[in-house]
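Have a look at these structures, which come just after this line.
Below are two complexes that have subunit A in common, paired first with subunit B and then with subunit C.
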Partner chain A sequence: MMTIIECKNVTKSYRSKTIFNELNFTIKENSLTGIIGRNGVGKTTLMKMIAGFVQESSGSFEVFSERPFNSLKVSSNSIFVDDLMPFPQSMTMNDILNECRRFYFRWDHDLALRLMNYFSLHPQLKIRVLSKGKRSTFNAIIGISSRSPLTIFDEPTTGMDAVVRKDFYRALLKDYIAHPRTILLSSHHVEEIEHLLEDVLLIDNHKVLFHDSITALQETFLHITGKEQLILKHISREDIIATKETGPYVILTVKNQLTDDTLEAMRKDNIRISPISANEAYVALTQRTKGGIDDVFK
Partner chain B sequence: MYLNEPRQLDILKQQLRFKLNSNASAFTILIAFQLFALLFSFSSSSSSHYFDETSYISINAVTSTPHITFMIAWAFFIGVRLANQSKWNEAFSFVSTRLTHHLSNLLFMLLASFLAGFMVILIGPALRLLANLRYEEIDTLTSTITEAPLHLPLQFITVVCYTLLLFMIGYMMGSFSQTLNGYGGLVMIFFLSIIFFITFILGFQMIGASILFLFNESYLPFFLIKIIGLCTILFAISTLVTSHLEVRKS
Partner chain C sequence: MLETDHSKPIYIQIAEWLENEILEGSLSADEKVYSQYQLAEIFNVNPATAGKGLTLLLEKEIVYKKRGLGMFVSSNGHEKLLAERTESILQNQITNLLEEAKRLQIDYPQLLKLIEKAYKQQGGNI
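On to the complex of A and B.
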């Protein structure tokens, strides 16, 4: 499988502020990867570096075997979609779709018009009159219809209502299955995108904290439900990542490093062991050791 | 998966077309400026001479100078606007590199300068017609196309050159203000300081001589060489100062 993005020891900093430090990862062709992380970890900066808008401070960074910054090949084979796509305010949506038809070599104009119709977007309306949600929907339509070999969606659903978000993800998945390409997708709502992601690139504390398949992320942790005293007979407090009380029971999030014997012993003590969702795993991986929001009010 | 291997020339053409579509308002502004200049053309100077209580002569001068002044102001304004950050970001919403972006802007400014040249050529006869309609008797100081056939192309070339030059000055100022994160005021102060400093060192006469050397050229090929040279320098500076500029940062 061809490597689309190769990032070796890449550092990005603005004056004294470091965004990334020694970032390393590769992304293969025809994969749908989620770029996730807490606010301000540099997801957008990373995606803009991939699109060639922002340049790396040091390290080797290649997209389609070329340095992306100022590369015509990268620009021609990729599209960066966010809620702020800066289109000329005086142009109508129809004008912009026509521009897209000329610029993107795999552009599907018919699909764009069908999606516009489905989402009740009138092509003759000017961009400046659109609401935030409609604007995001229009940008998302451009992202899907471009069919660019590298399609980058940075928080594409900002401002969309729940129904439109759901429809957008479904449209994206259907088109991706019919026309495989490399898609990068970032979202604050990991629970909304986990069902369509194949891989996850989790950024935290200036580095790649996790990069593997979505199932591997889910398997990183386990939920253990039962009486706390019983559970603590099998595991130590140091293994516990998070605790949630539900009546007489507790739900503990622990790292999936327990032996088969330990798991079997817990089951015999009526302790329930279950997998966790990718969103819960993401929260467990990125939660701060200093404590939660409750500690602020103590 | 197959990839597109685009040629700079193809993207340049597409970017130029996009810029003509997205900057159509610039031409509307040009027409508005020229209509506004009409007010000044007919009210620039007038004088009345009384011979006695019942007879007097009223002389009204109608000139196309305001049209050229407004044209130059328009070129400067559009030049600055083309180089600002929002226009940069717009260009990079589609396929683009810094080179294709700058070259398409250059072509746009060239086309706009030619259009401005045509407009000024047309304004002369239009003013004569309006003056004929408004005043009883008119005396034309400028020659007609039959009297001096070479005057018209010369007028056209001169207007195109000056408009392009002002486009370039505006474009360079806009590029500088962008590299300094929008501190356009500081750039203006910097440029004015340099002009005052050079004036102080060389003296006003030297500056005047330099301006005359650049613009008071009677031989057309030399005038063209000087304008093209100056425009090339201004464009190269604009390209260089923005060659590493990041786009769509916010």
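On to the complex of A and C.
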């Protein structure tokens, strides 16, 4: 499998603020990876470094085997989509689509027009008149239609309503199946994108906290539901990542490292063991030691 | 088709869905199984995830691979599934039933009577 992005010991800081400290990962060709993390961990900075918009402070980045900053190869083979794509305000959407057609060598103009029609965007309108949601939809259409070998979406659904968001993700998936390419997609709504993803790159505390398949993320933890005293006969307190009380029972999130014997013994004791969603796993991994919001009100 | 609480990994849900298709006879022996791309479309998931569901069936030898052509239902796939489900799922439910009976202090003869009654209500002959 070919590597498209290789990130070695990359450090990034703005003045004295460290964003990334010794970041290491690789992204393989034709995979769809979710870049996830809490607000302010640097998802956007990371994706901008990959696209060559921002320079790393130290370490090395290779995208299509070149340093992305100032690379024409990277710029012609990639697209970075967010809600602020800086198109000239006086251009109509039609003008912009025609320019894209000239620039992106894999551009599918027919697809772009069909998507414009489906999402009720009138090509003759100037982009400055678009609402936030419509603007994001237009940018997303460009992102899909460009078919760029490296397509980066930074929070692409900002402002879109629920129906449009769902349609956009479906369109992205269908076009990805028909025309495989490397896609990076950031969102803090993990539950909204988890079905789409093959891999997850989870950024936390200036580092890569987790980078593996979405299935592996989900299988990192288990939920255990039952009487706390009873559960603690089988596992020790150190195994517990998170606790949620619901009436007489507790729902505990634990690392999926228990032996079959322990699991069997718990089942015999009427303790329910169930899988956890990828989103819950993400929340458990990025949980702060400060406890939950409930603790603020104690 | 998919569980709404999506707590069970999607690839396992896809494998189970395919198993049900085989058990119900919608897919018969030596018939071509949906490709990972078709499954990705149907379930609206990443093709890699759908592929994991197929791999699960391949490992259990419920389907087999023909190079360049895709996956097909094994000739004994149906039997294998029947045996496996009888073994695991029915066995599991019987264990649950026995535990529940114990909790409710129903002894074995009483339990048998209840099963007979339910069976007859569904039109079965004993």
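Going forward, the second predicted complex is superposed on the first by the 298 of 298 C-alpha atoms of A that agree within 3 Å, B and C clash if a C-alpha of one lies under 4 Å from a C-alpha of the other, contacts with A are read in each partner's own complex, and residues count from 1 in each chain.
Definition applied: a contact is a pair of C-beta atoms (placed from the backbone, for glycine too) under 8 Å apart; a residue touches a chain by one contact, two chains touch by 3 or more.
Quick caveat, the model's predicted, so the values are computed rather than measured.
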(request) Would you mind checking whether subunit B and subunit C clash or fit side by side on subunit A after the superposition? (result) fit
(request) Could you look at A:Glu6 and tell me whether it touches subunit B, subunit C, both or neither (first, second, both, neither)? (result) neither
(request) May I ask you to decide whether A:Lys48 touches subunit B, subunit C, both, or neither, giving the answer as first, second, both or neither? (result) first
(request) Please determine whether it is subunit B or subunit C that touches the greater number of subunit A residues. (result) B
(message) Once chain A of both complexes is superposed, is A:Pro149 in touch with subunit B (first), subunit C (second), both, or neither?
(response) first
(request) After the superposition, just quote the angle formed at subunit A by subunit B and subunit C, using C-alpha centres and rounding to the nearest 10°. (result) 150
(message) Between subunit B and subunit C, whom does A:Tyr104 touch in the aligned arrangement: first, second, both, or neither?
(response) first
(request) Quote the smallest CA-to-CA distance from subunit B to subunit C in the superposed model, rounded to whole Å. (result) 17
(request) Flag every residue of subunit C that touches subunit A in the complex, lowest number first. (result) 5-11, 37, 40-41, 43-49, 52
(request) Using the touch rule from the top, collect the residues of subunit B that touch subunit A in their complex. (result) 1-6, 8, 11, 14, 17-18, 21-22, 24-25, 86, 89-90, 92-100, 244, 246-250
(message) Residue numbers of subunit A touching subunit B in their complex, please.
(response) 2, 29-30, 48, 53-55, 64, 70-73, 75-77, 80, 84-88, 90-91, 95, 99-100, 102-105, 149, 180-181
(request) Give every residue of subunit A touching subunit C within the complex, in rising order. (result) 31-32, 170, 173-174, 177, 194-198, 213-215, 218-219, 223, 274-277
